[in-house]
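In the part that follows, the structures are each spelled out as structure tokens.
What follows is a pair of complexes built around subunit A, which joins subunit B in one and subunit C in the other.
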Partner chain A sequence: MGIQVENLVKTFRRPRHREGILGALSDLVYREYDEKKAVDNISFKIEPGEVVGYLGPNGAGKSTTIKMLAGILTPTSGSIRVGGLIPHTQRIENTKRIGVLFGQRSQLWWEIPVSESFQLLKYMYKISEADFRKRLGVFEELISLSDIYHLPVRILSLGQRMRAEMCAALLHQPDVLYLDEPTIGLDAVVKENIRNFIKQTNQETGTTVVLTTHDMPDIEKLCSRVIVIDRGRVMFDGNLEMLKHRFGSQNKLIVEVEDGLPDPQRLLLNGADEVIQEGRSSIITYDRNRRNSAGFLSDLAQLHKIIDFSVNEPDIEEIIRRMYKSLNQSDVESRN
Partner chain B sequence: MRIYAELAKTAFQSHITFRVNTLIQLFGRLIAVLIQVSIWSALISADRGMTTLEGVVTLQEMITYTLLSTAITLIVTNNMIGQVEQKIHKGEIATDLIKPISFSGLLISESVGISFQRIIFELVPVVLISSLLFGIQSASVVHLLLFLVMVINGTAIYFLISYLFALTAFWYIVSWHFGALFYMIMMVFSGSLVPVWFFPNALSTVAEWLPFRLIFYSPISVYLGKVNGMEIIWMIVQQLIWIAILLLVQKWIWSRATTKLVVQGG
Partner chain C sequence: MAWHLVKLYSRFIIAYIKTITAYKPLFVIMDVVINVAFTLIQLTVVWLLLYRFEGISSWSFYEIVLLYNLNIFSYSLSAMFIWNPMKDLQMMVRDGSFDSMLIKPINPLLHMIFKQFSHGHLITVIFGVVIFFKCFNALHIEMTWEWSIWLAVNILGAVLIHSAIMILAGSISFWAVKSDSLFQMVIYDFRTLTNYPIQIYGRGVQLLLAFVIPYAFVNYFPARLLLDKEDSSIFPNLFIYGTPLVGMISMGLAYAVWRRGIRRYESSGS
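Here is the complex of A and B:
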């Protein structure tokens, strides 16, 4: 099922609290509001079966968008179509075809065992006994539930609970899966399990996935496409290769020379963007579209004896960090 | 529909843990009944009864009234207002709304489950113990059945009204003061503490126009044989009319509430 979002806006009204006792009293009489555009004119189109990373710094409006896609929040303006349905007016119809996971919340029943929560979901989504058994079998293979299946949710560890939550979100085999920070707070092994689970589900059932995360390996492992937003606006929409090309041209050359440290000033003059010296090694950052490692190395070799060197291409984490940083800078520039 | 029954069952099971808590509550209820019975015993002469607008009321009738009113309280009591406030305050409402069930259905099913738990662990012992202590007037089979039907209708009215008050949290985030208002109005106009017989004229006219008396006062009057056939039918019709009105209002308010909803927290 595809998703179409056009000119989506969500404005929150936040009461402005005046200071002091007098302020509090005047708040009682007349309350002033600040308007906050959490989502500011966002448009995108997602094809069936795509896995899209929906990224952005804290407070960018990711969760707000997901809540609107899921039909929980009503947009202030703009339109959303998920497989032809308008989520907030056709909430119940829509929820039958989507699976949602909020990393910080539980959708299972706290007091009862996982198995009974699943039974409730089975009635809720009218899943046949045969399908139910079959899917539990698949989950067992992919993510192993048997160790926690009969425990009440309130005693599960975060990682155990997240495994159960993932299965709960997928039990009715939704066409679209929204994941809001599905790997938050998990250890490396569980993270990897969850990622595999998402990947397998997408490949085998063609589920469309929209996923927010601050965890870069999630993106590399899963997303063919990323949409980056900041302050409620789309800043980038394209595949990972394009993102790397645009924000990932900064290479790092790490050199160690025999006699002390090379002069950073000279390296900067030679076109390095940044030089950091730690212990015996110098980390030289440069733009590979303009300079190359051979240039720096041959210049260094004139004055020093080089012991060791390595060239690192930026990983996705670095790319995103640079991107967020450049978002901030362009904001400062536009304000000046 | 199956899912709502299952939700009620789950709520029933999760509350079934028989704790010291339940015993303390049971004790509290018995004390409350004792106090009310003592007050009525002091007010009403044991052999002549008390003359009211609706004729003479005997002490035994008043004691029965108190017991039945306590029983109805135990059936209808629910915490929807607190629950919805909590769900909105913490943003847990998000996980309810991603499920293909109606929000009212979810809340009401859970409340019904908890009510069943209260019926078994509080209502039955309280009524048994206090009717052994103070005696309860018996009713004809017909009156008893009509009483039960009217209590079920009354419970529907009570749940729908609590649900409407609970929805105010969608607008104001904080709704406990609406809850407090609701309990005050309910206590006075339902006749749960003082039967409408004893109301001054003006007050009983107001009560007549509100749905609350249909939850406590009307079913109990039927049980006590204070109303005749036509009046009983009219009371049941009024109950059904109120249920229909509340269902419509509920639908309308809900459609507005969803546009007002803000889900707090990431």
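Here is the complex of A and C:
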């Protein structure tokens, strides 16, 4: 099922609290509001079966978008179609086709065993006994449930609970899966399990996945496409290769030479963007579209004997960090 | 559809029973004991109070008890389902956990009702049934078919009125995140006004109780219908048949407000 979002806006009204006792009293009588555009004119289109990373720094508006897609929040303006339905007006119809997981919040019933929660979901979504059994079988194979199946949710560890939450979100075989930070706070092994689970689900049932995360391996492992937003606006929309090309052209050349350190000034003159010297090694950052490592190395070889060198391409973590940083800079510039 | 909901509700009840039996049976027993004691004390106080008056204006003691019980009984029946959800709503709206009600394929109000059960109010309901029969006996009421149906329909109407008022009061949470109990208190305090026949009040209060917060339709008019009682309130006699209609209208209004509230719901930042 595809998703179409056009000119989506969500404005929150936040009460402004005045200071002091007098302020508190006047707040009681007359409350003033600040308007906050959490989502500011966002448009995108997601094809059925895509896995899209919805990224952006803290407070960018990711969760707000997901909540509108899920039908929890009513958009201030703009339109959303999920498989042809308008989530907030055709909410109940929409919920049957979507699975939602908020890493920060539990969808399961706290006091009762996981099994009992699943029973409730089974009745809620009208899942047949045969389908139910089959789903449990699949879950058992992919992420193993039996060790926690009869425990009440409140005693589960975060990782255990997240496994249960994932299964709960997928029990009714939704066409679209919204995951808001599904791997937050998990250890490396559980993270990997969850990622595999998402990947398998997508591949086997063609579920469309929209995923927010601050965890870069999540993106590399799962997302064919990323949408990056900042302050409620789309900053980038494309596949990972394009993202790497735009923000990941900065390579790092790390060299060690025999007689002390090379002159950083000379390297900068040769076109390095930055030179950092630590101990015996020099880290030379350069734009791979304009310079290459061979150039630097042959120049260095004229004056020094090179002992060792390596070239590092930026990983996705670095790329995103750089991208967020450049978003911040343009912010500073636009404010000045 | 309806059958599906019945099955779902019974599943919720099973889950609820499992919860209390598995984790806090002692707590529930204590709760029941306290509730029984509290209800008994409350009833005794009212009983003594009324007994001293030996009735008010043209109303005899047991007629007043019936009036009182119509109110308490329908209130408890309604509160058994609606009180806890509306009490929780404020918290859920504030911390954003109401989200989970909006991503499930059942009506959020129904879901809120399903997922809890107020055994405390159940006790009052049981007491209410006992008191009803005591009154019918003392007043020598012949429980014909027709009369019983009127009783049931009026109780249903009264339950709708109470539920509507609770839903309205609860829905304020969607507008004011710190929806303070002020409004709720006002509403619930008005309820006690109807423990007496409304003709003892002035015109203003009578109008208020009939048209603004229609508590008069919870017990006063039904009691007159059921007791076949002439009285000197300012309203036309036809009003004694009004409870089912007023119940449905109130509920319709409350549900519309609730729906508007959901549209305004803003979740929380994290």
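By definition in this document, the second predicted complex is superposed on the first by the 336 of 336 C-alpha atoms of A that agree within 3 Å, B and C clash if a C-alpha of one lies under 4 Å from a C-alpha of the other, contacts with A are read in each partner's own complex, and residues count from 1 in each chain.
Please note the rule applied: a contact is a pair of C-beta atoms (placed from the backbone, for glycine too) under 8 Å apart; a residue touches a chain by one contact, two chains touch by 3 or more.
In this text the structure is predicted, and so the values were computed from the model without any measurement.
J.: Have a look at subunit B and subunit C on subunit A after the superposition and call it: clash or fit.
T.: Once subunit A is superposed (C-alpha atoms), there is a clash between subunit B and subunit C.
J.: Touching A:158 in the superposition: subunit B (first), subunit C (second), both, neither?
T.: Neither: A:158 stays clear of subunit B and subunit C.
J.: Touch test for A:276: subunit B only (first), subunit C only (second), both, or neither?
T.: neither
J.: Answer with first, second, both or neither: which of subunit B and subunit C does A:307 touch in the superposed model?
T.: Touch partners of A:307: none, neither subunit B nor subunit C.
J.: After superposition on the shared chain, which partner residues are touched by A:25: those of subunit B (first), subunit C (second), both, or neither?
T.: Neither subunit B nor subunit C is touched by A:25.
J.: Given the touch rule stated above, what does A:268 touch, subunit B (first), subunit C (second), both, or neither?
T.: Neither partner.
J.: Can you list the residues of subunit A that meet both subunit B and subunit C?
T.: 12, 63, 67, 70-74, 88, 91-92, 95-96, 98, 100, 102, 104-105, 107, 109, 111-112, 116, 119-120, 123-125
J.: Would you tell me which residues of subunit C are touching subunit A in their complex?
T.: That would be residues 4, 7-8, 11-12, 14-15, 18-19, 22-23, 96-97, 99-100, 102-107, 115, 177, 263-267, 269-270 of subunit C.
J.: Within their complex, state which residues of subunit B touch subunit A.
T.: Those in contact with subunit A are residues 2-3, 6-7, 10, 13-14, 91-95, 97-102, 258-259, 261-263, 265-266.
J.: Along subunit A, where are the residues that touch subunit C in the complex?
T.: So the residues of subunit A in touch with subunit C come to 12, 15, 63, 67, 70-74, 88, 91-92, 95-96, 98, 100, 102, 104-105, 107, 109, 111-113, 116, 119-120, 123-126, 152.
J.: Please give the residue numbers of subunit A that touch subunit B in the complex, ascending.
T.: Touching subunit B from subunit A are residues 12, 63, 67, 70-74, 88, 91-93, 95-96, 98, 100, 102, 104-107, 109, 111-112, 116, 119-120, 123-125, 180-181.
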